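Each of the next two complexes has subunit A plus one other chain: subunit B in the first, subunit C in the second.
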Partner chain A sequence: MRGSELKYTLFLIKRNPLIMVGFMIVGTMVLLGVLAPFIATHDPEDMVFSDRLKPPSWKHLLGTDDNGMDIFSRILYGIRLDLAIALAVVAMVSLFGTLLGVVSGYYGGVIDEVIMRIADVFLSFPYLLLAMAIAAALGPGVFNSIVAISVTWWPVYARLARGATLAVKEMSYIEASRALGGGDLHIMLRHILPNIVAPILVQATLDMGNVILEAAALSFIGLGAQPPQAELGLMVSLGRGYMRDYPWVSLFPGLTILIMVLGFNLLGDGLRDLLDPKVRRKLL
Partner chain B sequence: MKIHHYILRRLLLLIPVLLGTVTITFFLIYLVPSNPARLIAGPRATGEQLEKIRLELGLDEPIYIRYFKYLGRLLKGDLGRSILTRRPVLDDLLTFFPATLELTLVSMLIMVPLGIFFGVLSAVKRNSALDHIIRVFALSGVSMPVYWFGLILLLVFYFKLGIFPGPGRLDPHIVPPPTITGLYIIDSLLAGRWDAFINSIEHIILPAVTLAYATTGMTARITRSSMLEVIGAEYIRAAKAKGLSPREIILKHALRNALIAPVTFIGYEFGYLLAGAVLTETIFGWPGLGRYAVEAMTNVDFPAVLGVVILTTFVYVIVNLIVDIAYVIIDPRIRLGKGE
Partner chain C sequence: MMEDSILRVEGLKKYFPIKSGVWGKVKGYVRSLDGVSLTVRRGETLALVGESGCGKTTFGRTVLRLLRPTSGKIIFGGVDITDLSEKELKPFRRRMQIVFQDPLASLDPRMTIGDILREPFKLHGGFSLREIEEKILQLLESVGMREEHIYRYPHELSGGQRQRVCILRAISLNPEFLVLDEPTSALDVSVQAQILNLLKDLQREYGLTYLFITHDLGIVRFMSDRSAVMYLGKIVELSWNDDLFNNPLHPYTRSLISAIPTFDPELKRREEPILGEVPSAINIPQGCRFHPRCPYAFGACFEREPLLEDRGGGHLVACHLEKL
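So, the complex of A and B:
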């Protein structure tokens, strides 16, 4: 992206209130997650049974759960954990999927067929269900849920990267590089990859929200994080039985998931519009 | 290419997709754990119990043999026996599937008209406050933890206001209608059981709304962008030039063409609903496939898990096939080109 392009994009971002809101939400969440140990008022796994199911007060800002654990502090650590899970998954699938997609698009032929048909089969599953099945087979736990989600998620990136590679492959600078004696690996890493990064980054931003939702869902049904870990989906699940009389136990963790995921979706949605030349013109 | 050639081709293509699905799920589920028998039996099981489970699952044989045996039985409609319920998995699936089907269908009845209505509204009033509100509604739908939304609805409409009944498909004192389709709403109508009919509708509203929220938003967004594209087209300008009222233009000319996009998307959304049903059913005590799946997964009931994933994927793939075929029939512009 040239300097003037970049400036123009920044200008468009500033003019778009929804992107700005998304950006602020994501920024706040990242800050809260990173600074969790300093902001938290209590140890997130400290059970004080004399303080069970207390409503929000100055001592416990968002109340306590049925084990007397401080919900405010647990939410902070929950944000931290869920962001970390999402980051791990997105980093893994975008790297792995993109590499497969670039190889697939660059070489074409049999390699392309094999990779893309496997990707197709993965995409024909309802992905949450497959992730749940894999998580069940692996056994519950945070690490296993990261693996389970990643296994189902890479095809999205493989397809995206393959399409982008096909578009870039025929450019004259690729031909120039080959004429200068550039090998396949050199061309893929130095010339193709940098030119397909933008759509992949947008997809990654959009996926952060989706992965958080899925990781929380896995924990909610008991296949992800385990008690007394501070994970947002698990916290909603633990408060389920207390919904009638102590709604805050489930209410605040779920609301946090909603706000955090909404932030990523606002940001990703806006970024996608900005990078789409067709929409970009209309934004003026 | 003729339409029946296209359909035949698509049906033949189903075979590798379904085979791929079964293969991938089978190997992922049975290869991943280092010791499935231990996982099922739990940490305190004796060696004897472990051995029994190993034999029951056929774990003493190499995996590829088990895979081919599984495929062979699958062709005969045998999905194995559930470890948890001790019944054939297929019988279990057939028992639980109608409840999920009913829930999914009612969700679609809510989602399709509402989503299209919101989509048209936000396209017509583009960039107005209303458009922004609908956009935020749509985005919050896909950002919502479904199970949490269900809990909130239960809290407000069941615990606090008492407008809707709580979990389950019927109140405990109401006898279920005789099974014909397995869908309580239809069965009770067929049997002339008005009490069960009204009660089953009351019970399905909260879970169906919970499940429909996300996809309603998606439908609205897709309808909006496809409407915007159509509104800019030449023939709409021609209709304006003829002096037709905006209402007539939108309803008679634009909407009909703009609807193609959301209709084809319904197949994708159906998959979303099937997966969402797992979480929704957990919250609302809905005795469907989703709850069966969660039970199976948390108890490492491998044959049942495999059965649920295979059945759901089959349904999903077939619904998408039907949508694709409908798409070709509805829209004559789609060229059944070479290679496609």
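So, the complex of A and C:
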């Protein structure tokens, strides 16, 4: 029964505290990001030079940076921006990569070879290096860093989807659908895609954290968001000159990145366990 | 000479290339079907019997054009469908269907039974949503299942129910011809009988023609009118069941029949063991393909491939022996 399956899933979630922690962290972060304009105590780009490098206080909850901008408010907007970047990248690459992977695995032969060799070219560079090169070529900025990360990231999904498609396409229900007169597009969309969605969902969740890290890294080296934009990587970077005397300038944005990435990783790992029928039974 | 045939197959071959190396160089072929000719008459059940790996499943898939034949001709309902494109085949798809061996693997695990049964109607169009719902309910009820099953997923059904759903999906568009690819070998014995009876009832009700693929000779006798025995991609004997079981003319057929288990411990039968193993379909023996295992092999068997010829009354045999 579907109902009991749902109950069992809820039971598993309760039994697995890490997925709960991950879920709560991600939930909180999303909430903070969405509600940033309402929670923030200051304008994130408002520079008050009389309040430079102030330690945490009731006026500035997490202190101020070297330009006198309120760090608490900037972190909220930073979460919002980084989540938006991660969502844009992951949505784009998982859709595009998955479609290519399904086509590649389904048709095989020359189409498969061409798509996979192109994917190999991208995978043969270290992610960050290639993303840096592309971002540098396009010029710094949030939009360009989204493009740069996406271009380097799709092969992960293409490979994953191809592998899953190869397994699914040998099942009798694919042949049954063909015997009924189902065309290639019908089979790919109605039978293959729904059956490979679980591993892709897991990968997408884990990648939310990875993309946040990479976006922060690009900003850190100056190829992503530009000051005075509120972006977590950029904030860490800008505060690093003051680390010794005014640690809060870099520390709090850095901690936020850490918690956010940790949250997505815990959630992704938990989802993997929930969606994998073999692990599912073991958790009992 | 021409009886009312629904399917005529002439010299059908299906070779699977064996590729190796980076460039996928073809270094040989698996000759799954090596020139099969037969005719299925309208309304009959023709059983196709053979060991695993003899090509019987490949034959079922190739005549439905789920596999592209290497050469030969498939004539369905008087039309040559050998080289039709997928688009041209679509109207034929609803006239010929298949039921697979493993019912769980042939039902999409992400679809409910309702979705699965709606699929054929949606693919071929021309039905209103209400008509479809009425039809699938009718179908389910006709095999003793209920409305609640529409909302179930395949893993929530029993093996027999799953196979019934597969059969319903296959007959939903009123096909004329059904390939049954070992439809009961994944099921419990008690359920097997139910499914076989269901298939017989459906055949009577809708005038279906069956190509029944199996390795179980016990079932063959119950199900079919005529039977064809396949060995390494070729038909070695084909006849009416009475004729085939009482008077087998090919040594291979005789061995198979002598191996059917019986319930009578007193009954003494001549044991006819087959020598050795089935050769690989990559290296098919010269001459008669059965000669390395045949206790009666003589000169001609090593040199010439025997042709499938009529020994009277529609009893076809491919053997050099005049009399067995």
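Please note the rule applied: the second predicted complex is superposed on the first by the 274 of 284 C-alpha atoms of A that agree within 3 Å, B and C clash if a C-alpha of one lies under 4 Å from a C-alpha of the other, contacts with A are read in each partner's own complex, and residues count from 1 in each chain.
In the analysis below, contacts are C-beta pairs under 8 Å (C-beta built on N, C-alpha and C of every residue); 3 or more make two chains touch, one makes a residue touch a chain.
The structure presented is a predicted model; accordingly, all values stated were derived computationally and were not measured.
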Original post:
subunit A superposed: clash or fit between subunit B and subunit C?
Top reply: fit
Subject >> Touched partner set for A:177, first subunit B, second subunit C, both or neither >> reply: second
Subject >> First (subunit B), second (subunit C), both or neither touched by A:213 >> reply: first
Original post:
Of subunit B and subunit C, which one touches more of subunit A's residues?
Top reply: B
Original post:
Given the touch rule stated above, what does A:262 touch, subunit B (first), subunit C (second), both, or neither?
Top reply: first
Original post:
So, A:134: does it touch subunit B (first), subunit C (second), both, or neither?
Top reply: first
**OP:** Applying the touch criterion given at the start, work out whether A:194 contacts subunit B, subunit C, both or neither, answering first, second, both or neither.
**Re:** second
Original post:
Of the two partner chains, subunit B (first) and subunit C (second), which one does A:13 touch, if any: first, second, both, or neither?
Top reply: neither
**OP:** Applying the touch criterion given at the start, work out whether A:186 contacts subunit B, subunit C, both or neither, answering first, second, both or neither.
**Re:** second
Subject >> Following superposition on chain A: angle at subunit A, subunit B versus subunit C, Cα, nearest 10° >> reply: 100
Subject >> Lowest inter-chain C-alpha distance for subunit C and subunit B in the superposed arrangement, angstrom >> reply: 6
Subject >> Overlapping contact positions on subunit A, where the subunit C interface meets the subunit B interface >> reply: none
Original post:
What residues of subunit B sit close enough to touch subunit A in their complex?
Top reply: 16-17, 20-21, 24-25, 28-30, 32-33, 36, 39, 132, 135-136, 139-140, 142-148, 151-152, 154-155, 159, 271-272, 274-276, 278-279, 282-283, 293-294, 296-298, 300, 302, 305-306, 308-309, 312-313, 316-317, 320
Original post:
Contact residues on subunit C for subunit A in the complex?
Top reply: 61, 64, 66, 86, 89-90, 93-94, 97-98, 100-102, 105-111, 119-120, 123-124, 151, 153, 156, 166, 169, 173
Subject >> Contacting residues of subunit A [partner subunit C, same complex] >> reply: 1-2, 171-173, 175-183, 186, 190-191, 194-195
Original post:
Which bits of subunit A are touching subunit B when the two form their complex?
Top reply: 18, 117-118, 120-122, 124-130, 132-139, 151, 209, 213, 216-217, 220-223, 233, 236-237, 240, 243-244, 247, 250-251, 254-255, 257-258, 261-262, 264-266, 269
